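In structure tokens below, several structures.
Below are two complexes that have chain A in common, paired first with chain B and then with chain C.
Take a look at the complex of A and B:
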């Protein structure tokens, strides 16, 4: 029995002034314009209350109430209503499911950020020829064709503190054929030609701030790309470990993945049963170093040794380290990239 | 009228001078035209009607002079002379301009000029060296990133991912023959998933099955088995334990095999692996493989970070 023609719908779009209207009126008398609207629909509301179905949202919104307390109150009410409806919906669905028993449709997959990821056209197809050709001729091709063996130089920014030094040492144990040298205020641009002369393939610079290592520059030496990462982490056998690279999907991700892969020698010694993992999740690269045993072919136990840290890519620059005149392939522009929660670069 | 002494009496000793900065040992003068920077009777530009200074502007040095004749015209009080970039020539210029001036002012001007040129040289040198660029970290951004990272870590489920990957690699046979797992489990694995290397595994299966069938058949002739085969410690076990069902035998045999092989392997590996094996040793690892995860809360009051360029 509707007094006015108000279309009734299941969902309430936040216009729930209803239940509280009569009480509100009694509480405080104000001459707002809202009042009139509320009065008009009060009757409707009364009718609708019996059906317990919300009215179609009029042009009222909670944010238009000037009084903070009352606004807050109304908002809470709104939330409660929504929650109640959600619960009811859930219960209904559950009942239906039970009723159907076996014939019930399969459970819906919950939405995750990974599921909802915005389509990125730079995602690499495994059979993409262009990418394959590209990778056959890029700076890492020498490594992947087995011509060069990785030799890594690890150093820090000036005057490293204890934590950084320890981290460098841990890294040196993780990466086979790694050498740690102290920086002593040398300019990187002068260090690099010397490294190249001594056949190093990689330069890692751990940057330090307030006694904590917080950045990492990875420079592939003979003319390779340079990547700059932000780093967060905690304090961590000489067999060559295996490498696991997870989730590097886009073109950029691929090149970063190859950058990491080229750190380790090509022939992992499975006898050592060590594995270094670079796992990319939502643009954060997690590094872990484990030792594993196969208990049987269904289960494997892993034990963590070595440092664990997280990296976030800040920039990728073509050529060796040159921050002023280098050509940047990719730079983290926070403002643009953080706008959408479901968009990722790697 | 310019009474320098009176002025000095007032501002220097008794009353207030806005340019004066007093410290425990000494007073400084913040006036830009002051030649020495100290608060003295002879260095005060207000208390001396005849005064000269050197000042530097964007790498160029100028000689400023003030004489009593212009004291009434504040806008034109200071005479500005551009000095040459050549050090000696500039000194000559100073001499030339301050020719009959008091010794003190001439001397101090030259000293100041020297100091200025020296620091200009140092500035130019520093630009060529590596410059440190301070990149400010926004606290809000850092907090947000930290939270995102935590969520990403939870979403990543690293241990599971790593284990899955390792099992995948095992199934695909990247490890070759290092690990020998018995037939039974292979069967089960095959049933569950289709693998590319199915054929190989099937072949292996057949071989092993045949062996076991043969072994089963030889059960009747005990003595021959003991003589002929050396490696059949497992067979002996099998013979002794039960002869009821093949499956049971296979299971026991396989488990024993596995244990023995594992033991052998473990020992070999313990011997071979150096350096970073955990203190617990292989024995503990064999009994119970566990993953250690430490959690620690760290607060970062990050405001500035330094990045080398």
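Take a look at the complex of A and C:
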């Protein structure tokens, strides 16, 4: 039984180690003779190759072995070799570093998607006057100048089921001055003027699909922008919380950040010890709600309460909720925006 | 200094804060030109147009009822005049007539012709309620078209202001015999003929022919599900570029009424569209404050797209107003209305 079907010229290590070791032992005698022949043939071939034009030698890859066990074995071997080489390289580098001491070059930072983010022209410069003016006179200016206090109405799509109802109640505990109302199939366009008449500043509608809340519409009431989010989350476990908004850098991110900030009353003296965090990463907004305790001067303990969910912005519309005739400031266009992995909108 | 930068700019945009922005496509830079020390929302630019065919002066209409003149040669605002009260509504159209007269139209429907010297309008006519747009015919300067919400397209001859030269009839009742609503958002005069093409808030594009005895639209095309907000005619006269509130821009063919192709790239609503008079490129202005230059080939697929405008411009969202185009470049800007020369 022939062990190998080796073509005449090959130079990768794989061929020689093609057979498993136990088999090699049993066929040791034959193997040696064949090996010598191969070597001779190889020498001849190598000479031929050197004389002729440079051509790519037909290389052999592990994936061409038809036998699954042997293939697996060869692959494992290959991996081990690679790992060994990598470790050796690392050790070498470490030694060089130590040898150089202070003069060693700084450590290289690994590339991540956030690191490689494409330069976005809409990133806000903190000193930009125009942006500052724009933000000073937009729909949230009344809130940020301290003139109005937020009053939030939370409702759902029609006929909500258990999870959605629980989520609404949790949201109501997180956001101070929030009221939950049953929807009763009313049209939002009719609800909105009534809310404005009763001095509500925000309307939150949790959309439900198959007994699970999956969308959220945040509408700032006196004529404000309306944002529509996709939501994913899990069920968790009155004082006004502090609000932390992380990583909202672009112009659009700023608008959304202000939208969230205006949900909570402004209170420079934090009475309670609760924090609501909206963290933006890769266009996903993560919401967490914690309570913190100072154990001693240097250590803080945090306890998570409240719902934990993730939002993704689907659209931002100028004016109050009007999905048909409203003017959209930003719309999520999945296939267009997916083209570059390193480009984010918020 | 300012004069240099203003001469470089080929596209002009007005913003919601009252700043006039000029964009130089070749350099991909934007410049801000501001009239007053303090920015204010009252100065929001609602309408822009060229004051003369040589494109040396721009007219800006603001929310507070003033029309300002900006000279591109000098790079500064030269004059301002009061043309109406803010209570009547914002400017929906501005046009310039020969002999330094200005035509203004406000939302409540009052169309006025102002002469240089007097502060009272020379001619005044009422074009109905809720006018959304007024446009001037590039060929016959004394003809203007107006249209709005529940206000059908009317073509006025300014020399005979008593009644419109052409009023469009509403579409036929639908299959339930219900009256079809109509909402004209933007219109344009097709060169080389009398026809007018309009786009509506109910995602339809209509072509009207005043020369024919038919007062209903000659051609009706539907595109998308969202209101079409802006419209422009590329050279060639066979097609029209429309944009809607979702930022979808498409080129429609006027001969058969088919969609020729769509343009990608805008994320917000389109506020204005402008096509170059000579080249095959178009400009759009949308909500998100980014400028897009599209170079269109004759193929079905529009591929080339670049972002024009510098960082400063990108940072400012929600700009409105119009831009004039010079003859070298075309740009699409988001959130800005663009005007043809």
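The rule we apply is simple: the second predicted complex is superposed on the first by the 238 of 346 C-alpha atoms of A that agree within 3 Å, B and C clash if a C-alpha of one lies under 4 Å from a C-alpha of the other, contacts with A are read in each partner's own complex, and residues count from 1 in each chain.
Here is the rule we go by: contacts are C-beta pairs under 8 Å (C-beta built on N, C-alpha and C of every residue); 3 or more make two chains touch, one makes a residue touch a chain.
Worth saying up front: this structure is predicted, and the values here are computed from it rather than measured.
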Simultaneous placement of chain C and chain B on chain A, clash or fit: fit
First, second, both or neither for A:286, with chain B first and chain C second: first
Partner chain in contact with A:303 - chain B first, chain C second, else both or neither: first
Which superposed partner A:114 touches (first chain B, second chain C, both, neither): first
Partner chain(s) touched by A:295 [first = chain B, second = chain C, both, neither]: first
Touching partner for A:122 - first (chain B), second (chain C), both, neither: second
Touching partner for A:69 - first (chain B), second (chain C), both, neither: neither
Superposed model, chain A: greater residue contact from chain B or chain C: B
Closest approach of chain C to chain B (Cα atoms, Å): 5
On chain A, the residue positions that both chain B and chain C contact, one per complex: 324
Residue ranges of chain B touching chain A (in the complex, touch as defined): 129-130, 141, 144-146, 148-149, 151-153, 155-156, 158-159, 161-163, 165-167, 169-171, 174-176, 178-179, 181, 185-186, 189, 258, 269, 272-278, 285-286, 289-294, 296, 298, 300, 302, 304-309
Sites on chain A touched by chain C in the complex: 121-125, 128, 130-131, 133-134, 137, 251-252, 255, 318, 324-331, 333, 336-337, 345
Interfacial residue positions of chain A with respect to chain B in the complex: 112-114, 157-158, 173, 187-189, 205, 207-210, 212, 214-215, 232, 234, 237-239, 242, 244, 246, 270-273, 275, 277, 279, 281-284, 286, 288, 290-306, 310, 312, 323-324, 334, 338
Chain A-touching residues of chain C, taken from the complex the two chains share: 16-17, 19, 32, 39-41, 201, 226-227, 229, 245-247, 264-265, 267-269, 287-290, 307, 309-312, 314-318
